[in-house]
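So that we are looking at the same thing, I have put the structure below in structure tokens.
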């Protein structure tokens, strides 16, 4: 587990439940190519979140009658493991998981060049091993790296980050307690170079002014995580050029 | 976007979709509306007598019924001091050529959850007033909405219908039940005295389709099918944003704020329409 | 809502819960072509019942392996909305709804000329928005009008009506209280010109003599509703010839 | 009619179906029976020892087992003074080429409900005698029937089996349970003293197929497959009608009463057969 | 029901709940060809167990995309009827029934010559009408007879039997009480002439030595039941040669 | 054997499968291991903080996480003096080309039940120590394992992970709950003091594939796909056999005992590895 570095510096405005500043991300780490069988894969650690994404495809699509003549079909499943939350989660997909699968699929679909693979399908599977707030945006961030790892052509990376309102303050990267007890949650995902928003949801209450502040914070956080996405992919490329294939799959 | 439905569209719909795009170049909508105009709205509360609250909404040819029922239930362990709100929407197979009977589709789950958040997050119903005995018994409020005919913009119609039903319906008195808690197994909920539902806000959702860099307010079915992006924004009566959902597509950063501003203005306008219709109907039917 | 006209005339034998005479239908109204998207549609109000039927087709049938080479397949779903009853009804089809879908399908199948559309299917969807007794026969009555509205060729209209036994009396058009507290319920559906019974069920207890009396009453009620079916279709034809298409869909 | 099954029929069955129609013109049935004759009936109560009641019925080659189990349950809120009856039938995949395993089909649900109504509406079991504590605890009676081989007329076989099981089975004494209600969580239902099931009637269903304007009593599988109409009528021991179901097809108005009369006569005959078989077997097995 | 003959002979070591000796099977009887419609069928009575197996096929396989080009597909369902146990069993397949269907299918698959019927399927349906311990092995024994009755070519019969440990003793043919209260259960199925084990499971605790003793006992019991399988098939052949077809289906 | 999966195998896997058979003739395995060797094993307990116990296991490239949660439940009526153990395993769709999301497959149910029996029958957890109030309230222990990457021999990895999690996890104290039974509805289980899980044994399962009359210990995915037989045997710390499952294929009588002997030897070896890894990690993470 990545160590949570408790920062004891003087904070600007108020103390967040985990001691962060209002515009500070939790500790994060992205690693690509962590599963042997998948065509592409990645994991993200963001605070206590641990999320693993795998990509299979492009491959023949079943059943036949669903095939799209002019582009690939992108499937996407967001799924929480039973031990990922404090109370055991039933392995059966909840309505929440079904909704999130749909909005995540939309976000990734904006970037993947599906026209390159008519009649095929690309599967993205996201497994939340441990959840601590803002899983949907972290999932997108990992899935995008897994797609790149699988060599799927994309218009841009897709990277997600959340902002929110807690105890009257606008904050970056909403944690578990802030999510439960806070006033609002604003998860977004963007294509950073194309400057497009591809996931946008909001829960809770914010004025237009607060929304603007939160949106800008989330953009800033997303750009930081985008750098980490690039790092993860660079590390993989380096290990592929310097090491034998056997070593790539080595964990830790 | 409605990609799943596209392949089931009739030839008529495909031709109409083409028309939307052609007329977009001439700055026109296929039904002659202005880009920022809603279609005619008709709201009829208390249209069904069986549930505790109900309303029918016609938004152009989009036809939807909302029914609200209260039951006695157990609160969730992490919110012992709150009643329970459950929102379920079904696009009936009568609604369009592509609609199907069966367990809720991904799309039906999404719109139910957006309607639910619009209601829940605005605080329209103060769930703490639904408590009978804290941690033990609360009222469970079921909001069920059904789309009988889908001509687009289901969510706005459903939010309108839900708020209209809440404003005009009655619920079993939780205080009365608390005082008779020992006989709870023998009480028929229908015989408990009614009180108004504790409504605290009037949230209004507005849905916008992006077609060729222009926002279309209250998109109809065909406009939705060709939209590059589709977004719902819900505002409280104090002009706060209380729910946002980008269903499909992508928006430029600036477009997000353009959409928020359009939505704010329309929400004030629609709220007035809602209140005038509910006032008329509620005196007509309730007194 | 259609007003329930309380009749204060002297009743023949006994007072029914809603003040009707033993051989009196509840107030009724049928309207055709009420939904924009469906190929055919109709609604019926019969006392507190409010039922909406829609028809789609004839259209290509899926899945392919179920196709019938020599005739169309008629699908039929009878469904109660969650708010249609005093206690919330789960939207999931109950065993009762599944049975009723089957017997209603049989009733309609006797009339629709399925041989005209080999390899196609016709879908009939019935939604009960409010239920107050005798919904299955009212559903058939509405569905038959919706089929006619869709231009589906039929041998005859199909029209349903119920009779029953309540407090020792044989009664026409069983209402909600009479259904719950009565001794017997006899829903029937007929093709009025071909003089055929296409739905016949009975619940409760009746002697052969009582059954005969109830059956004859139900026939009589069905003939009344058949007139209303024709009226509804006539109204549509008139409005189609006198008004532009936009007006047809006007409600109320 | 069995349209769904027809496509799964074997060639043998199609040839036989043709034979039925050919012989109809000569006023004959394929198995040589008279039009108003039942096939040989064999009823064996208590054929399974685990449940509270059971019976096997052979109706020609139709082979069916009924088992009845009692559990403790909560009454429905609208009938606090009545026990609960639940009837579920399954056509096992062993029963015919076309039968399938899996969740109950439309046809299986229909026949279960017809059997249920035949039992329930006749008042064969007085559900008010299944009450333990009114409004709180009642006995819940599960009737499960399974078709091992389907040679037609499942419903008559199932009703016969159910009535035979009820007449010869025993149930846990609700009075005993009421007296020990405080220990209810610790009581094993199997150890509660047994009493006879309170049977008040002997309903008999008779099923008729209409083929070429003639009614065939007790149709076999092939006759059912070519029937123009198929109907079940159930009579009480006092000759009252207590359940009717037209499964498929259409009847002329007069044919309805022709069917009712045939059914009444056959029901008296079959009731005698049932009672004689149950009397024999019940002394054999119960004493 | 087969009578349980209470044996009052002096038992070797200890009394089993039903009075059997440690190496004694319960009373058993197998009858073939007991269902009219199935292509093959059989029933087994083993103590209180009553199990009926039916075989349909070889026949065309649906859905098409699952077809195997070079051999038939063997389907197998093990199913307990609701009245087969002391507490009512839900008709929905339990996880236990799904597992047993799989291991029984594997056992039968080892023997059936599937290569003879490419693109076809063979269905084996097992219904447990009454269960009293060791149903899975009795099911295999009956199903194998049903396959032979259907004329399906097989490499060998498949016959099952159980052994176990109860009150410290190794016993043959585990009964219901012994299963619930005993220390271990070892169901096996074999192809007796090919001397192959095709089902092997164990539950509970046994030393290697005890396992060996139990395994040998189970083999011995299986050989006894194999004789009864042959008898059942011989009886059918005899009745087919001496009686008209109508008589074959006569029960009891 | 994995017949169901075979048709979904990638070309790469089919080539590899061919290699396994070719090298078998030269007495070699494709990854260079000896026939009786396990792949490298890595066990990390407490890898997830949310549940009461957890562990990650890497068995070569087979990657699996186990989480264990305790809830309060009602004991089964036939074992009032025992807690409840529920084991559910899911092969995640990330695990291989052929793995699918959705309700548990036949294969997933089978491996869950084999893991369950390995745990239950060995008595690793004394279920009688999970009782709160006999016959009324007990702890319900959920063991959930997920396969993130499947390179074969899932069951051995899952048993290792489960035992590691049990040895290092904590559970809510049933005695404390019993003393506060009146407030049971208000107790948050997460706030109940923790005690070690009462572990009594260290069961080890070993899985063997039969290929060309030779047993391959710890088969990888490709070896499993060509195996003539596949068997798991679980041993207790006292060398007793506590679970056996022949998943697929057939064994000669003597081969059964050959497999048992190989398994016994390997189980002792693997148990030592497990204990050394758990000891390290448990001091690291628990103290």
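As written, the chain order gives the labels A, B, C, D, E and F, with residue 1 at the start of each chain.
Everything below uses one rule, namely that a residue touches a chain if its C-beta (ideal position, glycine included) is under 8 Å from a C-beta of that chain, and two chains touch if they have at least 3 such contacts.
These figures come from a predicted structure and were not determined experimentally.
> What chains touch subunit B and also subunit F?
A, D
> Suppose chain centres are the mean of their C-alpha atoms. Which chain sits farthest from subunit D?
A
> Quick check: more C-beta contact pairs at B-D or at D-E?
Of B-D and D-E, it is D-E that has more C-beta pairs in contact.
> Considering only mean CA positions as chain centres, point out the chain farthest from subunit F.
Ranked by distance of C-alpha centres from subunit F, the top chain is C.
> So what's the Cα centroid distance for subunit A and subunit F, whole Å?
30
> On a C-alpha centroid basis, what's the spacing between subunit C and subunit E, in Å?
About 52 Å, centre to centre.
> With centres defined as the mean C-alpha position, give me the subunit A-subunit B separation in Å.
Centre-to-centre distance between subunit A and subunit B: 29 Å.
> Could you say which residues in subunit A touch two or more other chains, in rising order?
none
> Where in subunit F do residues touch two or more other chains at once?
Residues: none.
> Using the touch rule from the top, collect the residues of subunit E that touch subunit F in their complex.
95-96, 98-99, 101-103, 106, 110, 180, 186, 191, 195-208, 211-212, 215, 219
> Once bound in the complex, which stretches of subunit F touch subunit B?
That would be residues 185-186, 188 of subunit F.
> Report the residues of subunit B in contact with subunit F in the complex, numbered from low to high.
Answer in residue numbers: 77, 135-136.
> Sort out for me which residues of subunit B touch subunit C in the complex.
42, 47-51, 54, 58, 61, 63, 65-69, 71, 88, 90, 92-97, 101, 103, 142, 144, 146, 148-151, 190, 221
> Give every residue of subunit D touching subunit C within the complex, in rising order.
Going by the criterion above, the answer is residues 78, 104, 106-107, 109-110, 112-113, 117, 121-123, 231, 236, 239-253, 255-257, 260-261, 264.
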